[in-house]
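Here's the structure we're looking at; comments come further down.
The chains carry the letters A, B, C and D, assigned in the order they are written, with residues numbered from 1 in each.
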Amino acid sequence: MPVKILFIGDIIGKPGRQALSRQLDRLVDRYCVDMVIANGENAAGGFGLTTDTAKELFDLGVGGLTSGNHIWDKKEQVPLVLASQRIIRPANYPEGVAGQGSMILATPGGVKVGVLNLEGRVFMKYLECPFRTADREIERLRQETPIILVDFHAEATSEKASLGWYLDGRVSAVIGTHTHVQTADERILTQGTAYMSDAGMTGSFDSVIGIGKDEAIRKFLTQLPVKFEVPKKDIRLNGVVIDIDEATGKALAIERIAVCC
Amino acid sequence: MPVKILFIGDIIGKPGRQALSRQLDRLVDRYCVDMVIANGENAAGGFGLTTDTAKELFDLGVGGLTSGNHIWDKKEQVPLVLASQRIIRPANYPEGVAGQGSMILATPGGVKVGVLNLEGRVFMKYLECPFRTADREIERLRQETPIILVDFHAEATSEKASLGWYLDGRVSAVIGTHTHVQTADERILTQGTAYMSDAGMTGSFDSVIGIGKDEAIRKFLTQLPVKFEVPKKDIRLNGVVIDIDEATGKALAIERIAVCC
Amino acid sequence: MPVKILFIGDIIGKPGRQALSRQLDRLVDRYCVDMVIANGENAAGGFGLTTDTAKELFDLGVGGLTSGNHIWDKKEQVPLVLASQRIIRPANYPEGVAGQGSMILATPGGVKVGVLNLEGRVFMKYLECPFRTADREIERLRQETPIILVDFHAEATSEKASLGWYLDGRVSAVIGTHTHVQTADERILTQGTAYMSDAGMTGSFDSVIGIGKDEAIRKFLTQLPVKFEVPKKDIRLNGVVIDIDEATGKALAIERIAVCC
Amino acid sequence: MPVKILFIGDIIGKPGRQALSRQLDRLVDRYCVDMVIANGENAAGGFGLTTDTAKELFDLGVGGLTSGNHIWDKKEQVPLVLASQRIIRPANYPEGVAGQGSMILATPGGVKVGVLNLEGRVFMKYLECPFRTADREIERLRQETPIILVDFHAEATSEKASLGWYLDGRVSAVIGTHTHVQTADERILTQGTAYMSDAGMTGSFDSVIGIGKDEAIRKFLTQLPVKFEVPKKDIRLNGVVIDIDEATGKALAIERIAVCC
């Protein structure tokens, strides 16, 4: 029996959480999902994550949360949030930084699923090499389970695709996040790893990647700092369902999800 | 009768040109395409454009070529290439730079189509404001035709989406290029402009965005300069077909195209 | 008689203002300074400028204030601050942005001094071309006076030096700011323009470019956001005195200033 | 008896090598220099280093060469050049990259001098953390000698100053390179480490940081790729002399050097 994982792209604020509340149960049923994993770096007001929003997402059926560069935005919440065993931040932050970069979850049927979070460096921060960090973490995770999902939170398509090929055959899936735009390049690479450059976002689509259109345009027109609001209309959920062979950890299928809520 | 435009994402080297030679006629027939426009910045060996490769593309049925940051790569060819009335470079390069940023083409039925090329600034070069350049160019083009397609060659999804909304209702379509990964966010915005963050690429998909996987991975692992080759396997064509109302210039439909060749 | 201008590099918070209160009168006397101009973008708590801190600096003898990328930090103060006729922000911000990019001041002896503020683009924001903005502004200012000082607030040494040579012979001085480190390359270029890549900073030198050493190091070690304090010890004033021929506007001498306070 | 080291900033092409041929002997005599170290990343035609140019510099009296981001420019020469025991590249390139990041040289009097090369990350490449690499390398070098000079090849003043303070008391000197502009901030930090943000450059000063003024200006005006030439006029040598206590490795004095040749 394949293990079916639904991975949900960056959840943006309250509209993003509403999307899950309206559609998650239905999606889990329809796709016979064994485990739901979501990127939560924008779940609290569009910037960062709080223990309250994380609990809300877990209560809605999310099994584990990955994150990215915005996880540090709600500064006083960071230690509490990252103390959770079901929330991870990119593994390639330097030594000494709070939180964990990977976790092992279990499906209701008792199948172990390793989840690894990495952050890209191109156009972003000066972190440890995501390729080498992946080598290390995957070796450790594979001692527990062959089923491993990687959330690669990155900007540049070249870096994402390179990591996909680099890990091909060693993990079940490499799914990108961070650009908030779903890509149409889902496929299974030649050695059996499911790949997709970006899972997209979950929140208001009457927006510029989840935040206010007018503010975003004003920022480009003035080059001045702008305070962003999270719009509420045209709510959609973006993600991807991956079928994984339980014994080998190879991907059997990958299907893009984009539903109006 | 709607005007149907097929826009093809960045053509990468010889495999990209082969993709057109194998599939373009079929696509034109199947979708009743009135005009084919393609991004040609990588058509010559993966970097830049030459008069020979441009002629090859025109002979295959391409009506006009847009470009982007790589158009300057074949330096001695630039003046000749940009002298063509059917090849444009981003309009927001500074005054004095060779070439034109927009062009007006005509379908076999005599319908005028304005094509505007812009380049993003985020993570790229220090060009003129693409939003204000668009204002100026569109005003000029609309005196000739309400049918205007914009190729926004840019990296950041926020900049692309912002320009889409900014031009909504004023042009027929804003289609992104440059990331070489097709996005799944095609839609018609509220005022009638077709939008898609990236048309994707046309060339070898046994690659990292069109160039060699091994070299790309090596570059990330070493941070050293690497010489890239264009791979040949798994050739695909990425693009988008837009149906436009001839009288108003509003988009009637937008459909993603991704075919194996 | 030459006109003597003292230009003071980025004033950082209270220690920076104290530096002026302790040393400015002495410097004005010693160098027979006719006019004091200072960069005030960090004068309020290290980030931005307020009407109160501007008034404090004017009362201490500063004749006019230039600024840079940090002028927008105290958001609610921006409209008030930039309404002053003696405070400018970089001239190459886009049309529609509050404030003015140049000003004409007068020495006690009635000599008019044009001051132009520009911001670099390399590693910074996507502003208008500083070279072309300079052309336009200088043409306007020269109708009033041949004595023109340019504060080029920029990061990259190549961009600074290029602007210096580009304006050589057309302005009295091109003095850089923004890096907060004084450079030792002061000289008079071949056509008579005084040039120096950076005037340095005025504030605590028991610091990393004016802000807390420990926080700065922590930021590099963790790649996490850090809240910065302005240290208080080892206060110094950095700047430059330029002697300018009143009739021609050519620089006669340039002297670096770095004094402990 | 203090050990006296002359460190010379980035040598740019033939004019840079001429500067040494004309002035190095005189400087060594005048300052009683025990060892000459120079940054050679631009010594061959402005871009990279060759075995021939390295030999020329060693014959002129240079004891060891550091480098930086441009050391990879003469690609076919890299393996030969980096095989030398007297040439280093930044130590924080990833594992597997050719060459060594530190070296131990000896003065004619037999005193061992450790030299460590690091490259900054801000606005540059995605390398290993220079702070942590420094920790590791310095621990190793200190087992041989307390006299350690660090060439920190970096762009951002904040990163340079942070590393200076971070290593204060553990090395004899932290001297910056890469901006090609000498800074006026030389000093001995509180725990005994000599510090200066940038040693400057050695080559033609009728230039923009060592390369052609007209080409540099054209690049900023057009945003197009430009081919650079190395100008020949107004040759100067920039560097710094550091006096170091032989027993403790603490800096006793630091003096900026800028001579016309």
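Basically, a contact is a pair of C-beta atoms (placed from the backbone, for glycine too) under 8 Å apart; a residue touches a chain by one contact, two chains touch by 3 or more.
A quick map from chain label to UniProt name: A, B, C, D = Metallophosphoesterase.
As the structure is a prediction and not an experimental result, all values here were calculated from the model.
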{"item": "Same or different contact residues where subunit C (Metallophosphoesterase) meets its copy subunit B (Metallophosphoesterase), judged by the half mark", "value": "same"}
{"item": "Result of counting contacting C-beta pairs for A-C and C-D, higher pair", "value": "C-D"}
{"item": "Geometric centre distance via CA averages, subunit C (Metallophosphoesterase)-subunit A (Metallophosphoesterase), whole Å", "value": "45"}
{"item": "Subunit C (Metallophosphoesterase)-subunit D (Metallophosphoesterase) separation of Cα centroids, rounded to whole Å", "value": "30"}
{"item": "Contacts with 2+ other chains: residues of subunit D (Metallophosphoesterase)", "value": "94, 126-127, 129, 132, 221"}
{"item": "Residue ranges of subunit A (Metallophosphoesterase) touching subunit D (Metallophosphoesterase) (in the complex, touch as defined)", "value": "94-95, 121-122, 126-129, 132"}
{"item": "Contact set on subunit C (Metallophosphoesterase) toward subunit A (Metallophosphoesterase) in their complex", "value": "72-73, 75, 93-94, 96-97, 125-127, 221-225"}
{"item": "Partner subunit B (Metallophosphoesterase), residues of subunit A (Metallophosphoesterase) touching it in the complex", "value": "123, 129, 131-132, 155-159, 161-163, 165-166, 179-185, 197-198, 200, 207-209, 213, 216-217, 219-221, 256, 258"}
